[in-house]
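Below: a set of structures, written as structure tokens.
Consider the two complexes below, in which chain A is the common component and chain B and chain C are the respective partners.
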Partner chain A sequence: MIVKQLTKTIDHRSVLKDIEFELSKSEIVGLVGRNGSGKTTLLRVLAGQYLPETGDITIDQKSVFQHPIVKQEIFFIDEKENFLRTYSLQKIAKFYQIAYPKFNQLLFSDLVKKHEFSLKQNYRQLSKGQQALFQIILAVSSNARYLLLDEPFDGLDVIVKKEVIGLLMEHLGEHSRTALISSHNLPELENLVDRVLLLKDQSIIKDYRLEEMREKAKKLQLVFKTKKVPSLVKENSKMLDFQGRVVTVVFEHFSEELEAAIKEFDPLVYEELPLSLEDLFEANLKQHRKGSLK
Partner chain B sequence: MIRSIYFERYKKVLIAACVLVIGSCLFNAVNQNNRWKNAYNDPNDKQYYEQYKDDLSSSWDNVETQEVPLTSYKDYRQRRLTFYSIGSPDSFYTQEGVTFEIISKASNYSKMFPYVSNFSYMSEAFLSLFVPLIGFLLFFIDQKTGFNQFLFSLGASRKELFKKKLLYVALPFLLSILVGQSLYAVLIHTLIPAPYMNATLGQLFTSVISNFCLLSFMFTSSAFIGSMVGNIVFGPLTWAVYWWLMLNFPRSVYSVGNIIYTAKQITHKQFPETLFVSSVGKMGGHWWMNLLFILLGSLLMFWAFKKYQTISLENDNAYLLHKKSRWPIWGIMTLFTSFILNTSFFDPWLYFFSEKIYGQVDISISSPILSNITVTLIVGLICAFIIFFRGFTKTLTRALNKLNQRTG
Partner chain C sequence: MVHIDKNSSRAYYEQLVLGIKEDILHGILQPGDKIPSVREMAKQLLMNPNTISKAYKVLETEKVLVTVKGKGTFVRAIEETPRDEIRVQELKNDLNELVIEARHLQISQEELVQWIKEAEKSLGGHSS
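Right after this comes the complex of A and B.
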């Protein structure tokens, strides 16, 4: 899937601006951004619910706007606005069975049985966790190539969360599917995704491949002799914390040369800390106070 | 795929709606037949005739300019039990020399006469509410139940979604009207004995077609409203007001005719009230009116079809889903509403001409003009408030929802 120059304005306010990215086969991609950054809007545009002002979404070189049939490769259930509430699980399954020609009925029946759902039950009678689990069952059974999941772990207890993640991982791995998961829960997302798209100021500002990131990036805690942080550190890093003379920074492109250059300043403390996705999120999306890093 | 999805979603409702439509038509036939039978078997009928025969007139004598009394009980019975007569006020037609003998023959037909059944009792009114209501819900219900979110994410174009909804949901429903009304026509023609059934099957079927065209227009115009609005309070309210105005539309048109007749001093005629065939009977309407209804309905559906392709669901709570249609919609709303209010409810022109021509009162023309302008201005302002000031509808909807939650 290729997304090109997607722009969306809602109520005269730009929500998405020149969004560009690609989703490759068998990738699990996290969509990260602050509240109101446009994550759900982006998923809704990709699903065809919102029409963008400009831009295109193509699957196998076919635009979803000119060849809507390719949307059969996209699965998305809107968490806030959906029709499921009024129907039984059986009826909902029937709708998705019709909508997705590759719907795996056998897999669906197995999963429903395994997770002890009664198909006669009404969707609104399910707990939030069960609803999320059922949505994931539908998603994996649809056999769509691209699963768009909006905060799929939000508000779930640990047991259900593990079930949802387990189910998702099992399916995605087995069938080489691609998932775009928007989430606030960064520690969880970190264990799942291969790649992270960072949404800020209506655009995707970063496209991290976590494996590369873990190799290249470093989180350091430094204490220098003076309160002034060397410009070398300021220019090459993003600050996470600054208390007294203790500064915690993230270097996205760390190298041996950089390490040597920092050590030339003879820091009192030079300590490498474990780098998490949360750190990257914080470093890129946190509003920095003016003059905090001197 | 889309057909199966629509079938899955609407099959029960659609079957129920079709059964209800056909059932109401059959009920009409049975009900009218029962009313006729009751009149036929009325044991007090003779006594009634004897008591009031001097007051019961049969026709109008143009020479003596007075009503002619009934000649016999048989004559009275024939008049009472004949299924179709001319609608009120019939004095216009009797003054024209139209006698009962002419009306009572099934083969005699004039498209200028507003024939009515003597035995209907508002039972056909059900369709004039139910059909437009289903039309309104055709698109509005998917808009408000989150089903559009599902539909728009399917591997189908908006064009296909729209066309197939009309084909697989609207069309079967509309056909059920045709089936129901045809059954009614056949049944009523069979059930009422020939001497009293003064309409041919051909006349009844012509009426079925005209009635179908009218109901189809009511359906499509309501579907148009349902596809254009998104606000949960003001959307249905707009349709309800439109429905009420639509019911008064024939009265307005006839009123305009009568204003012209009055202005041109054609005193002995009434404008023929045969343009709108609101129930199946002897009155067959006019082919050009049917064509007009179909054309207007198709035009509205084409407009809705074009706009459906541009719906973006972030606006699904807005009063009007399509910002670019604000001005034409405002224009139509203002003109339609003020036309009906100016002709059906205030009607200053009929009063003006009556006073000026027949009352010989020196009355100024500025009075009806001013009245028309005031009504149009007020209507235009109200419509503008609803359409152009989104904050107004949003705030009011929120307030109503809060009130609803509190009382609930």
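Right after this comes the complex of A and C.
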């Protein structure tokens, strides 16, 4: 899937600006950003619920807007605005069978039985956890190639969360399916995704490959003799924390040269800390207060 | 069982590779044992199947695992696999660096040897 120059304005307010990225086969990608950064809007545009002002979304070189049939390859359930509430699970399954011609009825029946759903139940009678689980069952059964999941683990208890993640991981690997998962739960996302797209100021400002990032980036805690942080550090890193003399920074492109250069300043403390997705999130998205480094 | 330490700076797939090797040395996994498929492992560990498949591929090239088409992936007997001299050399280089660091920290040779023995022992004793 290739997304090019998407722009979306809602009520004269720009929500998405020049969004560009690609999703490859079998990739699991996280979509991360602060509240109100436009994650849900982006998913809605990708799913064809919103029409963008400019830009295009193509799958196998076919535009989603010119060839609506391509949408059979995209699965999305809107968390806030869906029509499922009043229908029975049976009925909902019927809708999805029609919308997704490759719907795997066998898998669906199997998973529904395994997780002890009664198809006669209405969707609204399900608990939040059960609703989430049922949505994932629909997603993997749809056999769509692109699963767009909006906060799929939000507000679930540990047990159902593990079921939802397990189900997703078990079935994503097959048929080279691709998933785009928006989430605020970064520690959780970290295990699951190959890549993370960071949304800020209506655009995607970062596209991390987590494995590469773990190799290249470093989080350091440093204490220098003077209270002044060397400009070398300021210029090459993003600051997470600064208290007294102790400064915690993230270098996205660390190198041996940088290490040597920092050690030239003869820091009192030079300690490597484990770098998490949360650190990258904070380093890129935190508003820096007055008096801090940047 | 294999587990992933998020605080480690080592890549997840490398941790998985090491974890499986450790399980083999501990006898938790034995030659001929079938290991869970990528899909089962992804479900068990709640991890990205791509990461798991990458780890399995590494283990296959290193001749720790062998995949039989249509049957699954199995643990190879260590004796069956010839020593990979390139990797042996790499390991030796790593060890050299460790010895340099150890000297700096005033760790005696006896201490180092003692550590190696302890590590061997915790892996089940039998050293070849």
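We take it that the second predicted complex is superposed on the first by the 291 of 294 C-alpha atoms of A that agree within 3 Å, B and C clash if a C-alpha of one lies under 4 Å from a C-alpha of the other, contacts with A are read in each partner's own complex, and residues count from 1 in each chain.
Going forward, a residue touches a chain if its C-beta (ideal position, glycine included) is under 8 Å from a C-beta of that chain, and two chains touch if they have at least 3 such contacts.
In this text the structure is predicted, and so the values were computed from the model without any measurement.
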Side-by-side fit of chain B and chain C on chain A, or clash: fit
First (chain B), second (chain C), both or neither touched by A:Met169: second
Three-chain overlay, vertex chain A: chain B-chain C angle, C-alpha, nearest 10 degrees: 150
Contacts of A:Ile69 with chain B and chain C, given as first, second, both or neither: first
Partner chain(s) touched by A:Val158 [first = chain B, second = chain C, both, neither]: neither
Partner chain(s) touched by A:Phe83 [first = chain B, second = chain C, both, neither]: first
Touched partner set for A:Arg214, first chain B, second chain C, both or neither: second
First, second, both or neither for A:Ile10, with chain B first and chain C second: first
Partner chain in contact with A:Ala99 - chain B first, chain C second, else both or neither: first
Minimum distance between Cα atoms of chain B and chain C in the superposition (Å): 27
Footprint overlap on chain A, where chain B in one structure and chain C in the other make contact: none
Contact set on chain A toward chain C in their complex: 26-28, 162, 165-167, 169-174, 187, 190-194, 211, 214-215, 272, 274-276
Of all residues in chain C, those that touch chain A in their complex: 4, 6-13, 38-40, 42-51, 53
Chain B residues within the chain A interface of the complex: 1, 4-5, 8-9, 145-150, 152-157, 160, 310-314, 316
Residue ranges of chain A in contact with chain B within the complex: 10, 41, 44, 47-51, 68-74, 76, 78, 81-86, 91, 94-95, 98-99, 101
